[in-house]
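Some structures are shown below for you to check.
Shared chain: chain A. Partners: chain B in the first complex, chain C in the second.
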Partner chain A sequence: MDNIAGQKSSLSWAVNITVVLLVLIWIIPTVGLLVSSFRDRDQISASAWWESPFPVEQAFRARAEGDVTQQGDLYVITGNVYEASEVASSFTNSRPPISAFGLTGREPGQFQAGEEVENRDGGTVIINSDGTFTFSTEEDPEAEGFPRIYFLAETPPDFDLQNYDTVLGGDGMGQAFINTLTVTIPATIIPILIAAFAAYALAWMDFPGRGLLIAAVVGLLVVPLQLALVPLLKLHQQIGIGQSFLGIWLAHTGFGLPLAVYLLRNYMVGLPRDIIESAKVDGATDFQIFTRIILPLSFPALASFAIFQFLWTWNDLLVAKVFLPSSDESWVMTVRIADDLLGSRGGDWGILAAAAFVSIAVPLIVFFTMQRYLVRGLLAGSVK
Partner chain B sequence: MANLKLKDVEKVYGGTVRVLSDIDLDIQQGELVVFVGPSGCGKSTLLRMIAGLEKITGGTLEIDGMVVNDVPPSERGIAMVFQSYALYPHMTVRDNMAFALKIAGKSKDEIDQRVKAAADKLQLTNFLDRLPKALSGGQRQRVAIGRSIVRDPKVYLFDEPLSNLDAALRVATRIEIAQLKEQMPDSTMIYVTHDQVEAMTLASRIVVLAGGGIAQVGAPLDLYEKPNSTFVAQFIGSPAMNLLDGEIVSTGQTTTLKLAKGGGTIQSHYPSQPGDEGAKVQVGIRPEDMSETDGENFAYHGTVEITEALGEVTLLYFKKDSPDSQQIIGKLSGIHQDLRGRDVKLTASPEKVHVFLDGISLHHRHEGVFLPGVQPH
Partner chain C sequence: MNPIVQGLITIVIGVGGCIGYFYGANFVLDRFIFPAKGKNAGQNINRANMVRPWLFLFPAMFALGLYLVYPVFGSFFRSLYNRSGNDFIGIGNYVTLAGDEAFRTAFLNNVLWVLFVPAVTTFLGLVIAQLTDRLRWGNIAKSIIFMPMAISFVGASLIWKFVYANDPDIGIINAIRVGLGGEPLDPLQVPFWNNFFLMVILIWIQTGFAMVILSAALRGVPEETIEAAIIDGANPFQVFFKIMVPQIMPTIVVVWTTITLLVLKVFDIVYAMTGGNFGTEILPSYMMNFMFRDDGIATAVAFVIMIAVMPVLIWNIRQARAEMR
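Take a look at the complex of A and B:
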């Protein structure tokens, strides 16, 4: 027993490496998500997020728009691809050199820039690296439309808030944000109120069956909530609550209570008995002891549970899908993102990443403002 | 400010474990009664029963003639100072002291005035707006005392209030408590401690608790000079009283004794009855009452194994006869370092020699003396 305290374990390097690895495993995807949320959709599909600081060789599709002259039976189009209507908006500031071009969407970089190649119908095509091109074809562009060309060009990194603008501006995300807050705040406060009273009684009031009640609370900790979804919803339907915000508050309260009671009770039991007895001698009733002594002293535990419950209800999808109406004006953010965005814009990673970051912004703020209570409260509640 | 009367009070845990029984005690207004006893003797439990924090499972407790067994703590008119101070950590000193008054619904002016008066008395005026964590241990204890003063209770209860303080602070705070008692001569105080010095200096009466009962009640010097049993004799005083085996040689107003490790006979001021001759007794002599002698008659002789020179006194630890026999200690005034390893004869004057028959003092042999049946230390 003599080397338990104070001696550094010889395996501390293993601990350090493990911690660093765990942190990396968590951080890397998050950083990737963050970077992606600022990137343009086409750049996301052209290069990985860790390549995002560098220019991207990107394929563009345009029509060979330009001046048409007739030479024999060929129509010759001359112009500059950068001025083509489909891509002009991408190159307002700079015109990077074109490295390759092609005539089919399958092989957009089939030919080197400046190389003169044969067209399908006997004409020739040349696109120079500065974007000027000469395209000769048998088909009359004025009748048939300008022919398609493809080219590869290096585009500079492009970071902007376009995705956030899309996420926050459209698609009822604002309403979903408010709905989430409407669910989360009462679903955090109600269980704390109930659990604090219960925890005080279980910790400091003598009544028969107290031990059994505590055991029951601990037992409820291991009951998976999925078990209760259907019967609870049925009950809500029968007593007229139905699918509503009230219903989800009650559901979250019920699901959160065992952990809340357990955590708070353990913390309160650790408060010095003398203080409570002193208050009793001073004439305080149980209720006064609770409100004036126990509650202020239990703040770390209350805060740590509040963080837990807030994070859990904020990120919850399952309970929200079950207990809230399915109409889109009562969708919460998780439903909006997971169900709606993922379904309708599943390929648009930038939008999804931005939405994810919008949804974790509030939990992050809550976490960082209260994390000192989280650490202290948890240790105090469970170990002491 | 009240009288307290405990009658046949007992405490039983879970119906079987009896920690206190037959506690009979009368405490008069203005007394400072100290409960002492070895750890686990139930002194704190008794105090908490008086406070109302522990249920009284038998007998009655009266405060001012009213049985208060089932009265909650707040209505008994008591105030308690806890060992751990038990300050409310989130409240300022002022709020700590005002808490009970606020609960009682006193007016703001009265609360201010009483808090201020208590703070003046305890020199806490400059600290009223501090939190307990910004105070030193002694200041915290003063706040705890102030918290009880503002309530102006009938009975003050102190549960080892000084044991969390360091030695110097303990002395200072002890004197403060003594002064406080002098300022409030009518208040009744009950004080629990395991520290003899606190008991001897503060108490108007000491209650020695041991083995679930009261071993002796009396003024501090009464207990010191006339302990009713070997237990009290050895419990009060430090180092503990030496108990020497002996035999009564002649009886009368004073008793003549012959000691197993002594020479000749010595006298004790304890009276004995005819018929006691030849009775095996234990002779108690306090280390500080022993003196070196060269005479024929002495109480003890032995080889000095260790000397501890403290300057004003020298402690002599004598070689034991067998490993489990009691350590005999002599305490001579002055410096006697040269005695180490030497054979020393000790004696004591008759008024310092105590005689115990079957563990009970000859002075108290006709009283129902409770023998705790546990070791004093």
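Take a look at the complex of A and C:
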């Protein structure tokens, strides 16, 4: 298409710009999540993730601790806010200049640094940009405790793995990750074999009712899962499986089969007839043809289905909610996020971001390494 | 038992059982039931070949029957009974649903989803497929737009929670609003339009799917038809909309219906984003309100979804049969 006569080159600029914009729209939400997952809570509340490479003006709260001298009615405290016990740990490496200070939590940046202001009880307060302060008050700090001060200081960008630590340990995403893996792997492997045999029968063996069965598989492809939930859960309870890992493996196997059979049959039917017929002439049985010829040749289709089924079971919320026990030690990651973290950690964006990223990391790796098979599977399943 | 150990055992038993079944059944059939020797050898081989397809099909048919065919009927019958499942109430549950304001909201919202999401997704997919096909870095662009396909609906919802967040330091939408001098607002609480903000998430996920398939179809359009149109003086837009699009119409229909089916089933996004509040309920999420509480109503909702899917199901089967002929 590139060099067809009559193509206008001005159009190619427009195309480039449009695609750049689209790509940006598509990737920005995910980048935001990734960046936020590495920032700590204070930085997230102080600045947006797209400002994260720059220093953040962050509000600190401390007590005006220092040397006390008495001058008339007033006690005068002199000292350095960077050394106040509540904030000292934030300033061990650097002491960024203080831009503003305040006396109430509501307005931590009410006054310019270096400005001398009236205290509530008649004294004065001054905090300089290098952190030194003079605080005079009528109240005896020895008796009443040092008074509260607030100040704004620029802190450098701070990225760490703290959120991941919290999420994997205390918030149970570590256990949930293992549960997801436990659900996913058997639920991916078992349907493949069952489907491969059925697909071969539907593709290459002649028997009455074959067309009808293929039509049935196509029909089952679109049956909504919602229908299956109530009757199957009941069935599982009656035969003693109940809500358990075994139950969810069986359920995922059943639900994955129509796509598996359909994909594999479509692929197998396209394999060259000559190979199969000459094998038959040479005396191979159907079983031998299947295991020795069809199965190895169908590897791309098997891989496509495996990826689909893996992504689908890994990302599933509905089946996990219904067929797994409702106690939290067997929650998978999607359930953990949707039912627990979104509620209990609702405003804790760093934690939520880390949890989300833990759950999407593996599918993303699978996606980027095996995109070829995924695309091939999509095409085989849909374009017909 | 530890679930991991149980999982490993299941893999071994499952895979071993499958191989054992297929190999064993085949072996028994050839060796003992219809042995290919003796005076009936020829007849036996024919008979064995008639039975064998069913041996191969049996596990899949059994699982499909139990996990997909039976539930269609099971759900339908269950929906005719009351909450406890003891009393037959006919279409009572459906009458209850019809009278429920929340159900009607969910139904109408679902209609919006079905109209809007497949249309926008297919259109965007088509346009992006066409645009990226001309670019040298088109494959990278495609990968990025395709990427959300790998992300779970829950993960995607969380990603978009950030985008929609009320706080202009978190949510980019509100950051832009505030930057333009507006007041921050919660997009998910804006009546009516919040439905569309939720749909955006599904569109974001599915556009890659539409793009991949339509891009393959566009490449299959015969070059001669395009060249002929260009020689006749068609501009690029005419070439695209009047020459290429009509030729890939069947694929567009497939993409459209596939996404329509998905829209009727996805409950995760609404569930994670709003929990069905603020007038955003759709049928699948509405059904989950009754799951574990009132199976009669839950199955009735599921059956309503099934009826909505029915036309596509029939159309798909027709297509499949037409191809086989």
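Everything below uses one rule, namely that the second predicted complex is superposed on the first by the 348 of 384 C-alpha atoms of A that agree within 3 Å, B and C clash if a C-alpha of one lies under 4 Å from a C-alpha of the other, contacts with A are read in each partner's own complex, and residues count from 1 in each chain.
As a convention for this text, a contact is a pair of C-beta atoms (placed from the backbone, for glycine too) under 8 Å apart; a residue touches a chain by one contact, two chains touch by 3 or more.
Treat the numbers as computed from the prediction; the structure is a model and nothing was measured.
Clash-free side-by-side placement of chain B and chain C is the outcome of superposition onto chain A. By the touch criterion stated above, A:142 is placed in contact with neither chain B nor chain C. Contacts of A:280 after superposition: chain B is touched, whereas chain C is not reached. Residue contacts after overlaying the shared chain place A:73 against neither chain B nor chain C. In the superposed model, C is the one of chain B and chain C that contacts more residues of chain A. Aligning both complexes on chain A leaves chain B and chain C separated at their closest CA atoms by 5 Å.
Here chain B touches chain A in the complex through residues 51-53, 72-75, 78-80, 82-90, 99-100, 103-104, 147, 151, going by the rule given at the top. Here chain A touches chain C in the complex through residues 1-2, 4-8, 11-12, 15-16, 18-19, 22-23, 26-30, 32-33, 36, 44-50, 178-179, 182, 185-186, 189-190, 193-195, 197-198, 200-202, 205-207, 210-211, 213-232, 234-235, 245-246, 249-251, 253-255, 257-258, 261, 285-287, 290, 311, 314-318, 321-322, 330, 334, 337-338, 342, 349, 352-353, 355-356, 359-360, 363-364, 366-368, 371, 374-375, 378-379, 382-384, going by the rule given at the top. Residue ranges of chain C in contact with chain A, taken from their complex: 3-4, 6-7, 10-11, 14-15, 18-19, 22-23, 26, 30, 49-50, 52-54, 56-57, 59-61, 63-64, 66-72, 74-75, 78, 128, 131-135, 138, 141, 143-155, 157-163, 165, 168-170, 172, 175, 204, 207, 209, 212-213, 216-217, 226-227, 230-231, 236, 251, 254-255, 258, 261, 264-265, 267-268, 271-272, 284, 287-288, 291, 295, 298-299, 301-303, 305-306, 309, 312-313, 316-317, 319-321, 323-324.
On chain A, the positions that touch chain B within their shared complex are 272, 274-275, 277-284, 288, 292-293, 296-297.
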